[in-house]
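Both complexes below contain chain A, partnered by chain B and then by chain C.
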Partner chain A sequence: MSAVVQNHLPAATPAARTEGSVMNRINFHRVVLWGALLLFAAFFLTPLYVMLTTSLKDMNEIRAGNLLALPQSPSLASWAKAWSTACTGTDCGGLKPFFMNSVFMVVPAVLVSTAIGAINGYVLSKWRFRGSEVMFAMMLFGVFMPMQVVLLPMSQILGWLGIASSIWGLIVVHVVAGLPSTTLFFRNYYVGLPDELIKAAMLDGAGFWRIFWRIVLPLSTPILVVTLIWQFTNIWNDFLYGVVFSGIDSKPITVALNNLSNTSSTVKEYNVDMAAAMIAALPTLFVYIVAGKYFVRGLTAGAVKG
Partner chain B sequence: MGALSIRNVRKTYGHTEILKGIDIEVEGGEFLILVGPSGCGKSTLLSMIAGLDTPTSGSIHIGDRDVTYLPSKDRDIAMVFQSYALYPNMNVAQNIAFGLEMRKVPKPERDAAVDRVAKMLQISHLLDRKPGQLSGGQRQRVAMGRALARDPKLFLFDEPLSNLDAKLRVEMRAEIKLLHQRTKTTTVYVTHDQVEAMTLGDRIAVMKDGVVQQFGTPDDIYSRPATRFVAEFIGSPAMNMISSQRAGTGLAAHGVELLLTDAQRGRLNGSNEVIYGLRPENLSFADSGLAGTLAMIEPTGPETYALVDTPIGQLTARVPGKVVHRVGERVQLQWNADDAHLFDSKTEARVA
Partner chain C sequence: MSAPSALRTPLLPKLVIAPSFILAFCFIYGLIAWNGYLSLSASRLLPNYEFVGLEQYRILWESERWMVALKNMGIFGGLFIFGGMALGLLLAILLDQKIRAEGALRTIYLYPMALSFIVTGTAWKWILNPGLGVEHVVQQWGFPNFTFDWLVNPDKAIYCVAIAGIWQSAGFVMALFLAGLRGIDDSIIKAAQVDGASLPRIYWRILIPSLRPVFFSTLMVVSHLAIKSFDLVMALTAGGPGYATDLPATFMYAMAFSRGQIGLGAASATIMLATVAAIVVPYLYSELRTRK
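Moving on to the complex of A and B:
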């Protein structure tokens, strides 16, 4: 059959050949690309794999020394220990109370810093006033300012406010520290919203808050998700403020994790350390997996077209 | 008392004067056009009427109320924006009803208004769609619907047709005119397009550099342009402008004496240098008259634009139908002295 076709269309042969070589080249590029991507993925995923498998092994198996081997009899014993009985310093109640500390700290801090950032961004982009640009420029300093700079003045202020060494104090610190970034995110996003939308709404009779609730906020989903993830990750993962401003009962999980891995009575329990680290990392992983696609979408969405 | 009066309105930003004392009176039901090149201040003036900006001095009155410093929402006006500014998160019906909702109009009345407007603009089948799913022309209709729903005292349009393609622009222009004839709402319409200005306006304010150059009916503006700028801005192709000097009791350009009526001669007194303006449609080919060489022909179908090199400069003639002459041929141009517009070349004001 193909011979017949070739006899009838002699010109088809060279054309088919060049087409074929183009196809081969594309396939070759694909293979290289996929190979490289898989290699990088393996490189970045190996630590996670080691953490996960080690946390499921018992100490004898770990001492046997094969880091990459799968656990022979997987057990959640070290997870249970890390969660409820492991010692962090002198206290041996596991990570559970500190995990809850982090939750009680993260939820309000994320919500408040995002909400204020949204309103700041709305004002700085759509309700400009004399000096608002200067104000924004000064807020930008906050994004680039090293965290260490604020430690001493902040602890003094928390002392004056009477909320030093408490979860409330940590919430305030994280809200204040997060505001420059959240303001920047929302302001830059709202600059892309056409001003005429706001003017049209003003002519329609809506005021400052109505325009925000009914028009601006409903258009903010992408940047809202980005900011929520950004703030959640930053605040959950923060160690410095947590270790400096927390009291005995208000340590966040990052500080507790550090204490747990530094507290070794007789032997170093790698499996418990790994399980504890996994527990500390799970919420941020979870947030990324659930909302990650919005994150990418929000970062790439420059302007909204009406 | 007019429906809208703008009294000696000035606006300065730092040292730049955007508006240099604007006075405009519009009667109820009139269609006012603000036209001029970009940067002439027409949009700034519209923003002030809308309450989105305030004048540095002067006042703006709607009906018998001084609204100069009144917020937009209390002025009883509606505006159609160049970008339409439809709320992307709401569907068409919600967009149209938003203004009523903000004014606490009960739901049944809102629905009735949406229905009425949608029928008027033939967008009833689009009410559930989001603005993103509409074409340019449909968005334009919805934007007009949003303005119409409130039944305002004053309609403002800010270059509403400039985002549409040529064909749709002509259609929507006619629709805006029909709509105005039906609703008889006082309208202020900003454009840089002189055809829109001429076709839509009951009265036109031609603006340049923050000054109203001429305020009058389309016929006034076209037949008796008050300044050289108005003469050149309105009309396409633009008016031919010939620099001329006094010669005896008349005018001459490059040694050629120019046709003048006695009345025109009488008005020449003060001016030595005069711009002699001729609209292209007032020129015609003839067996005698001003001789020249045909330099270019632009046929548009119903009429033809012909560029002719003459001793007094290159002139454009707009003649009906086809031109039988060929490029390079010698031709002769004729016109009536009545049709000439004379402007002082220093002040640029109309002489006769």
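Moving on to the complex of A and C:
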């Protein structure tokens, strides 16, 4: 197995080059390594491939053909049906209204929770006071707690506020539930900004808000992107709050997708199901492909380290 | 602008953060207490604040469906946590071998985390369905007697949930471990190589042990995800066949929102909370203490 080490260690490569058998062993290990890597890549990509190809087939082809086969005459008919005429439960208007619900819910919820998180993080890192750390720790529990605990009381509160079964109710819940993570993200990022920066500005007579707007915020671009993407992905993908707190007209796309694929009709239209799943997946998939680096940073920041 | 006053009396920051703290504390601890009270009440279809002590918990622990949910939690949780961590660690080690296309492969391994469990559950439901899914593919490949009906088999369906769950989260674990591996000082590895240690030995004896903090935080994150699992089951099996794939989260949802058993739902939510707290609180405590 020492060949792998030589392979790992650049300094050993010249020695390996002089000896043919070692070279072969290196190649062999590389082949195995690449074989494993590509096999896993196939494992992860297959469901996406199946979703996409199935959504482009018609039902005859699905019944006669093979799950893994490429579509013979790709057609977007299932996409059109999923978007505008497929049945989600008793309602047959496709996913379009629910997609728009998700958009109307996500945009304000993401912006508000991120903005408040930024200000909170600024206070908790640069304006600490007695007890602020303890309170922050208590707030952090909100990142991890099972939300089942808040469902029953929250639905009563939303009822009292008159926003039960509405998009507004969902926005409120997402903002409040998102605060612990957005605060955590910004606090951990701002801790890394040198305190001297703040002190110098204070000596120049700048106050709390001025320092925030002029010094801290302009340095926040990376964490702003991380938090916006994190909140967008989480809120777009949320199902629990959506299924519990939404009404007939305010369902987010995840709930509509679940209803669509569980609607029992005489013929199960897998191609429409897959097109619907793709439609629900595209916004977050797009963000992931464009800004995956920031998404990964959010994921790892969620593990509290920092 | 209140610039000079902020310098002398730092009252403003406190005022600024107060609403968030109050809101978050009411949301977290207020609602936990409220849910706790509901779990001690006689609530059924509607909240009813008549105090009945631990009656709901007694009913809960005598409920066969709750026992099924707990058993499934054990099977699913065990497979999801250890399967996901083993696969994630393997992927991280494979990717750590100075691979040319590392960025692209990492993107492929991790993309499921960007998708909703409802999306992936819908996809897996189609792939695993006994009529036209994997079973059909293998039969066409020349094994006409191959059957794969786990998704509709009450004894096996929970394993389908675990497969889909591991598929979804292995990349996440990989990202955490890979970040950990990259954080290890190169000179340790170089020194071990000079001493003639083989690569598997270096990983087993040096790198993996020094990943211990990452191991802990990953285990913690993955376990609390396992306990909170809800969407995936709803999309893949909706808890079925019957209630064969119920997990505590789907049990809670069914009791509280479709079976008119609010008190029972609240009691099961409290048990979930206690389990997560038992895992997370010691972790948060040690995290915050070491940071000082």
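In the analysis below, the second predicted complex is superposed on the first by the 257 of 306 C-alpha atoms of A that agree within 3 Å, B and C clash if a C-alpha of one lies under 4 Å from a C-alpha of the other, contacts with A are read in each partner's own complex, and residues count from 1 in each chain.
Note that a residue touches a chain if its C-beta (ideal position, glycine included) is under 8 Å from a C-beta of that chain, and two chains touch if they have at least 3 such contacts.
If you're wondering where the values come from, they're calculated on a predicted model, not measured in any experiment.
Determine, under the contact definition given at the top, whether A:L70 touches first (chain B), second (chain C), both, or neither.
neither
If you stack the two complexes on chain A, which partner ends up touching A:A280: first (chain B), second (chain C), both, or neither?
second
Is A:C92 in contact with chain B, with chain C, with both, or with neither (first, second, both, neither)?
After superposition on chain A, A:C92 lies in contact with neither partner.
Between chain B (first) and chain C (second), which does A:P218 come into contact with in this model arrangement: first, second, both, or neither?
So A:P218 only meets chain B here.
Compare chain B and chain C by how many residues of chain A each one touches, and report the one with more.
Of chain B and chain C, the partner in contact with more residues of chain A is C.
So in the superposed three-chain picture, is A:L179 touching just chain B, just chain C, both, or none of them (first/second/both/neither)?
second
Tell me which partner A:A206 touches in the superposition: chain B (first), chain C (second), both or neither.
In the superposed model, A:A206 contacts both chain B and chain C.
So, does A:N258 touch the first partner chain B, the second partner chain C, both, or neither?
second
Identify the partner contact of A:E196: answer first if only chain B is touched, second if only chain C is, both if each is, neither if none is.
Touch status of A:E196: first partner only.
Taking the stated contact definition, name every residue in chain A that is touched by chain B in one complex and by chain C in the other, in rising order.
Of chain A, residues 202, 205-207, 210, 304-305 contact chain B in one complex and chain C in the other.
Can you tell me which positions in chain A touch chain C when the two form their complex?
So the residues of chain A touching chain C come out as 1-2, 4-5, 7-9, 33, 36-37, 40-41, 43-48, 50-51, 54, 62-63, 66-68, 116, 119-120, 123-124, 127, 129, 132-133, 135, 137-142, 144-154, 156, 176-177, 179-180, 183, 202, 205-210, 233, 236-240, 243-244, 254, 257-258, 261-262, 270, 273-274, 276-277, 280-281, 284-285, 287-289, 292, 295-296, 299-300, 302-305.
Looking at the complex, which residues from chain C come into contact with chain A?
Residues 1-7, 10, 12-14, 16-17, 20-21, 23-25, 27-32, 34-35, 38, 47, 91, 94-95, 97-99, 105-120, 122-127, 132-134, 136-137, 140, 167, 171-172, 175-176, 179, 190, 193, 196-200, 202, 213, 217-218, 220-221, 224, 227-228, 230-231, 234-235, 238, 248-249, 252-253, 256-257, 262, 265-266, 268-270, 272-273, 276-277, 280-281, 283-285, 287-288 of chain C touch chain A in their complex.
For chain B, which residues count as touching chain A in their complex?
Its residues touching chain A are 50-52, 71-73, 77-79, 81-89, 98-99, 102-103, 131-132, 146.
Residues of chain A touching chain B in their complex?
It comes out as residues 194, 196-197, 199-207, 210, 214-215, 218-219, 304-306.
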